[in-house]
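These are the structures, in structure tokens.
The two complexes that follow have chain A in common; it is paired with chain B in the first and with chain C in the second.
Let's turn to the complex of A and B:
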């Protein structure tokens, strides 16, 4: 490997290091200098988690070749304050609760520092724009912007530094906005996520993934890969000692493809090698012969007679169907003065947590197979892995590392099994860190849905009957699909007491990227449809949207769609709070936006007119006009 | 019609707390430790929602010390009791209550020893913010002293707690059952501005009212609501994971568009506290439910602005323009009759 001597300054210290000339500045900081406060979120300059200062200028270090850092002065999040101390900006983040999972936060702190160094009087809009190159998936940015404005005012002396201190506590810590105890480590870049952890003799894992949506694996030859330099093991489904299968409800997914691949990106084999490069290079040495099979790419096609079958146990391709029946649906519609019918659909959505999947596995001195990963469900993962590797349950240990965003996307055990197998084969620690592309193609998404909804109402706006039929694409494996359908069915018809209903939610297998758990677990897909329809009914009946909801809302003692009697129900309280708080002007939703009197008031921001900044030239104005 | 038009929409929502249609459980251990500090161990790690801070608050409140004096153990299947998974809006409810129960048991052990030491009824003892006193007396000491005295009497003040939520399965034929013991409700109002030339929708304001049972950390709850709303906004307007014959065409953040700081509306949160009568803390949860009403509130607001009903998410500029075109065609048709 050719080497390059790199001389530069990092956080005030002179560094001389022999490096591989192909590395990025980010790699040198993280891997050669072990400065893991600078994170990798996408590797493509899109997310900003890797932001550092190079000669005082904010740079995305994933886009900068390390060789270009020769002779430069680098500042990273670790160098902003002395060890153990925090800058005013970091303390402002701590105070406002600007860090949640924390993974984007070092980059955010760098962007904020850059914004205020360049313009200590930056206004709200300028700050937002300066932070616009950094993605956060947790906070909704609001408390981050608040933090930057607070820091600006403290630095300028307009606010006392006391504004950064904890709120006074009265008679109880319950109800007190105690500052987050994990924030100092996050704003300083000190918290170690799984991908930041290193262990002596640690190996690096790379995964060979399916290029086909549906294919039979005719043969696989790993011998060339095994012989490559640095490679310590190559694993396939043949190496699984126990009962191979995981999933949140049905254990239909092998830890690596077994005889068949069912989606593009599915793990087929994995390599553990002494360095990441050797591991990735060895993937090319694995020869797989596939026989392509007809694929299913649409949920409706999966139900058609003669459709290809993905899993033998489910010849109809149905993962789960959940029915709800209450009252008499025909009588309910017969009693209606108005019947509405509409189709709704929602798309597949990526979790986009900033921390890509990562983990380390090792076998400890007591022969306990241990996996450290940002798993949202170590309890269940331990159960499943014990069966997969055929070990007693106390010989399997899961440790949950800080999760850099989950939203349900880290509930599936999609890589921990491979790590455990490689650690068992080599008796060395093995680490995997997904690239962003790997994370996107191989992990579960929010279920896309198609719903057919019928609603019957009286003239007075009471819902007399509702029929809700939803079909979802679960993708190649079951994952959380069953639970998502159950929750979707239970919540489908909204927070309203409806005497007569018929609900069916169905999820099918296809050869698309699997769908799984995602914040609201089916709840948003169905309530998007129902809440849209309630407004459509309000327009037809000339009722205010709050009023029609009050006429139907669940109250204490109401029977839910699953015929559960509610002890308490607070919908009236939240309707009142939202109506009053938003200064809602009553009226039927008859496209009255242009004439209503409650818009443009407090609680709204200015519209963003990015184009205006560039609209100086006459040709731009013409285009806009 | 003006080029830009505003509109407002509302959507309500409901949600269940903790695991669905099954019994849910969580366990915790607590110890009042030297110096009036505490060790609390349970199967939980931060996923960003603020649970560690909330648990430290709960433990501090129950033990009469300060949140920064609480050390939380790591989530480790070999070293901590089961608290099951980090999801289902169950952390505050399940783990929070199990920690409250564990801390109460530890506190009672300490109080029994100090009550004997002071020769007062244990029911008179009250601890807060590191100070223990006996009501109606002038007896008072620090929690550091109290722990030393308790240990000096041969007792380590430890406790454990297990909290259960009683959900039941659904009937396979009619779906009847009691999937959760506690429900939350929410309502959001959205104000949007639609550009009728470009089809772009900007969400300028969201007013979000959510029942959280009891607000343990109000700022943390606001953070959850704000984050959920922006995820909901992303799904409403721009995010779209796409595949062609099973191959993704949105394999990075250049193709998969996410909301940035420039897309964020002003968000005003209203925390409604309808306490849960079935649990020690009375708190419920907020993580998932805050996302549910955002997209329909935005769609209802778009309709209010331009009379276009978007039934297929996301409401991209193309769909808005197409909707406006169809609406014009419909209106012309009506005019021609």
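Let's turn to the complex of A and C:
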């Protein structure tokens, strides 16, 4: 392998390394120097988690060939404060609760440091602008920007350093702002996520993925890949010793494609090699012959007579149908003065957590197959894996690593099985770190949905009946679909007391990327439809949107859609607070003219613009334009 | 994932040209490298093995800029952030700070070069319209025997289509020379999928100078990007405005013309609507900046 001699300085220490000339600065920092505070969230310059200072300028180390570091002075998150200490900015992040999953936070701290070094008086908008190259998925940015403003004021002496200390907590933590105990590790870049962990003799895994949405695997030849230098094992579904199948409700998914592939990106085979590049190179040595099959790409097509069947156990392609009935739907509509009918659709959504999937598996000295990963459901995974690898439960262990954002997307056991199998075959620790592209192509998404909704109302705005029919695209495997449909049905008609209901939520198999758990778990799709219907009803009936909701809201004693009697209900309080907080102009949607007074002002956000840094402040030194 | 057999960082132009002339097939020139690394990933080029990467960022002749005869010669290693932080560049190239602030993000601007943006020749490139508005010429070097020879051509002609330029084997872009326009007001309008880190769906660059009264357009330069295979200068619109009394009505009429230039294959109606609004907004915004610029020039004169 060609080598390049690299001499540079990192956090004040001189480094001399012989490196592969194709490496990025990020690779050298993380893999050669084990400085894993600098994260990789995308590898394409989009997310900012890899930001480091090079000769005082903040750059994205995933976009910088390592060779460019020759002779430079690098500063990473580990070098901002002395070991064990935190900078003012890091302490401000700790104070405001700016770190949640923490994965974006080292990059955010670096960007904040850069922003305040460039302009110690940067205002709110300028801070936002200067940190525009960094993405956070948890916080909505508010607490991050709040932290930078707090740090700015403490550094400038406008606020006391005491503002960085924990707020006093009286008799109860409830109602008081408490600092997160894991924040110091996150703001310092010390917390090790699965992709940051290394073990002696560790192998690296790469996965061969299906290029086809639906195809039969006619043959697979892994011999060339097995013979490649550095390759320690190549695994396929044939290597699975037990009952191969996982899923949150139905165990319909093999850990690697078995006989056929059902979506683009499905794992077909995996390689474990001594280094990542050898593993990736070996994928090209696996020869797979496919016979393409007709595919299903729309949920409605999956229900058509004669549609291709994806899973033999489900000849109708239905993963789950949840019917829910209450009262007398015909009588309810007969009592209505107004009947509204509308169709709604929602799209597939990616979770986009900043930490791509990663994990390490090893077989320990007692033959316990151990998997470390940011799994959101380790107990369930442990039971499923025991059956898949045919080991007793006490010989299977799952360790949950810090989750760099999940949002439901890390509930499925889509790679842990492959890791376990490779560790069992090699008796060496095996690590996988997904690329961002791999994460997006292979992991579950929010269910796309189509809903047909009928709502009957009296002239006074009381809902007399509601019919809700939702069809969801579950994609190639069941994953969390059943639970999502159940929750969608339960929440379908909103927090409203409705005596007569007919609700059906159905999810079908298609050859699209599987749908799975995603925060709100089916609630968002149905609430979008129902709340839109309520607004339309308010318009038709000339009622204030808050008022129509108050006339229908569930109260203590109400029966929910699944006929549970409520002991307490808080919607009235929520509506009051929302009405007050939004400075709502009362009235039906039809009574206003072209403009309204409550869409601007305090508490509302102006449209995005750039160029805040051009506004010269009185205390700033050299400003431009 | 990018791999290479050899990574070279020449220090002089002659060294760089010699390396480039002798580089095996499939070798690449890079400057900021912000485009090549995302390119070598799944969904684009995938895993790429390149023989020799020739990194130009340490070539002495390509760094910095010189001012001469009302023009500024920007070395090919001038990075985007320089247009925000260098007071001379910001004052002399009034549309560039506004373009720069919309280009990628603060980190990428520290690495990415203007010259690299032009050489990529994306129809949606942020950098081409302002350079065309500033009558930009591109300077290209090659070796003739052992002698470095250069040729210069307008950027508007250098870019011949999407991803296509007039650059020939063995040649390296060494500089971009543009008009220095202190006292002008600049503007850059851009819309993309989000605020940071996106190329333009549509962009419009403007530089405007008024007469001393501030009531007449003395000079107007406008260029559009993202609406066809290559960026374009709006010469007819400029002619409608140049020498005329400034009025909202005139600007409104002038901004209607470029709508018909939209030659994109997608989202044509959207782009037509945006173009009209952008041309108007760019002229108005540049006028406002021209007034500020005139004031600060006056102040400087008074101080001197």
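Points to keep in mind about this one:
The rule is simple: the second predicted complex is superposed on the first by the 599 of 625 C-alpha atoms of A that agree within 3 Å, B and C clash if a C-alpha of one lies under 4 Å from a C-alpha of the other, contacts with A are read in each partner's own complex, and residues count from 1 in each chain.
Everything that follows uses one rule, which is that a contact is a pair of C-beta atoms (placed from the backbone, for glycine too) under 8 Å apart; a residue touches a chain by one contact, two chains touch by 3 or more.
All values reported here derive from a predicted model rather than from experimental measurement.
Room for both chain B and chain C is found when the two structures are superposed via chain A, with no clash between them. Of the two partner chains, both chain B and chain C are touched by A:44. By the touch criterion stated above, A:132 is placed in contact with chain B and with chain C alike.
Counting the residues of chain A that each partner touches, chain B and chain C differ, and the larger count belongs to B.
Look at A:437: by the touch rule set out above, it reaches both chain B and chain C. Shared-chain residue A:280: touches chain C; no touch with chain B. In the superposed model, A:4 makes contact with chain C only, not with chain B. Looking at the shared chain after the overlay, A:608 reaches both chain B and chain C. Of the two partner chains, chain C is the only one touched by A:24; chain B is not. Shared-chain residue A:548: touches no atom of chain B or chain C. By the touch criterion defined above, A:62 reaches chain C but does not reach chain B. When the two complexes are laid on top of each other via chain A, the two nearest Cα atoms from chain B and chain C are 6 angstrom apart.
When both complexes are aligned on chain A by C-alpha atoms, chain A residues 44, 46, 129, 131-134, 437, 441, 608, 610 touch chain B in the first and chain C in the second. Contact residues on chain A toward chain C in their complex (touch as defined above): 2, 4, 20-22, 24, 43-46, 48, 51, 54, 57-60, 62-65, 67-68, 70, 111, 114-115, 129-134, 277, 280-281, 435, 437-438, 441, 608, 610-611, 613-614, 622, 624-625.
By the touch criterion stated above, chain C contacts chain A in their complex at residues 1-7, 9, 30, 32-34, 37-38, 41-43, 47, 50, 53, 55, 57, 81, 84-87, 90-91, 94, 97-98, 101-102, 104-108, 110-111, 186, 195-197, 289.
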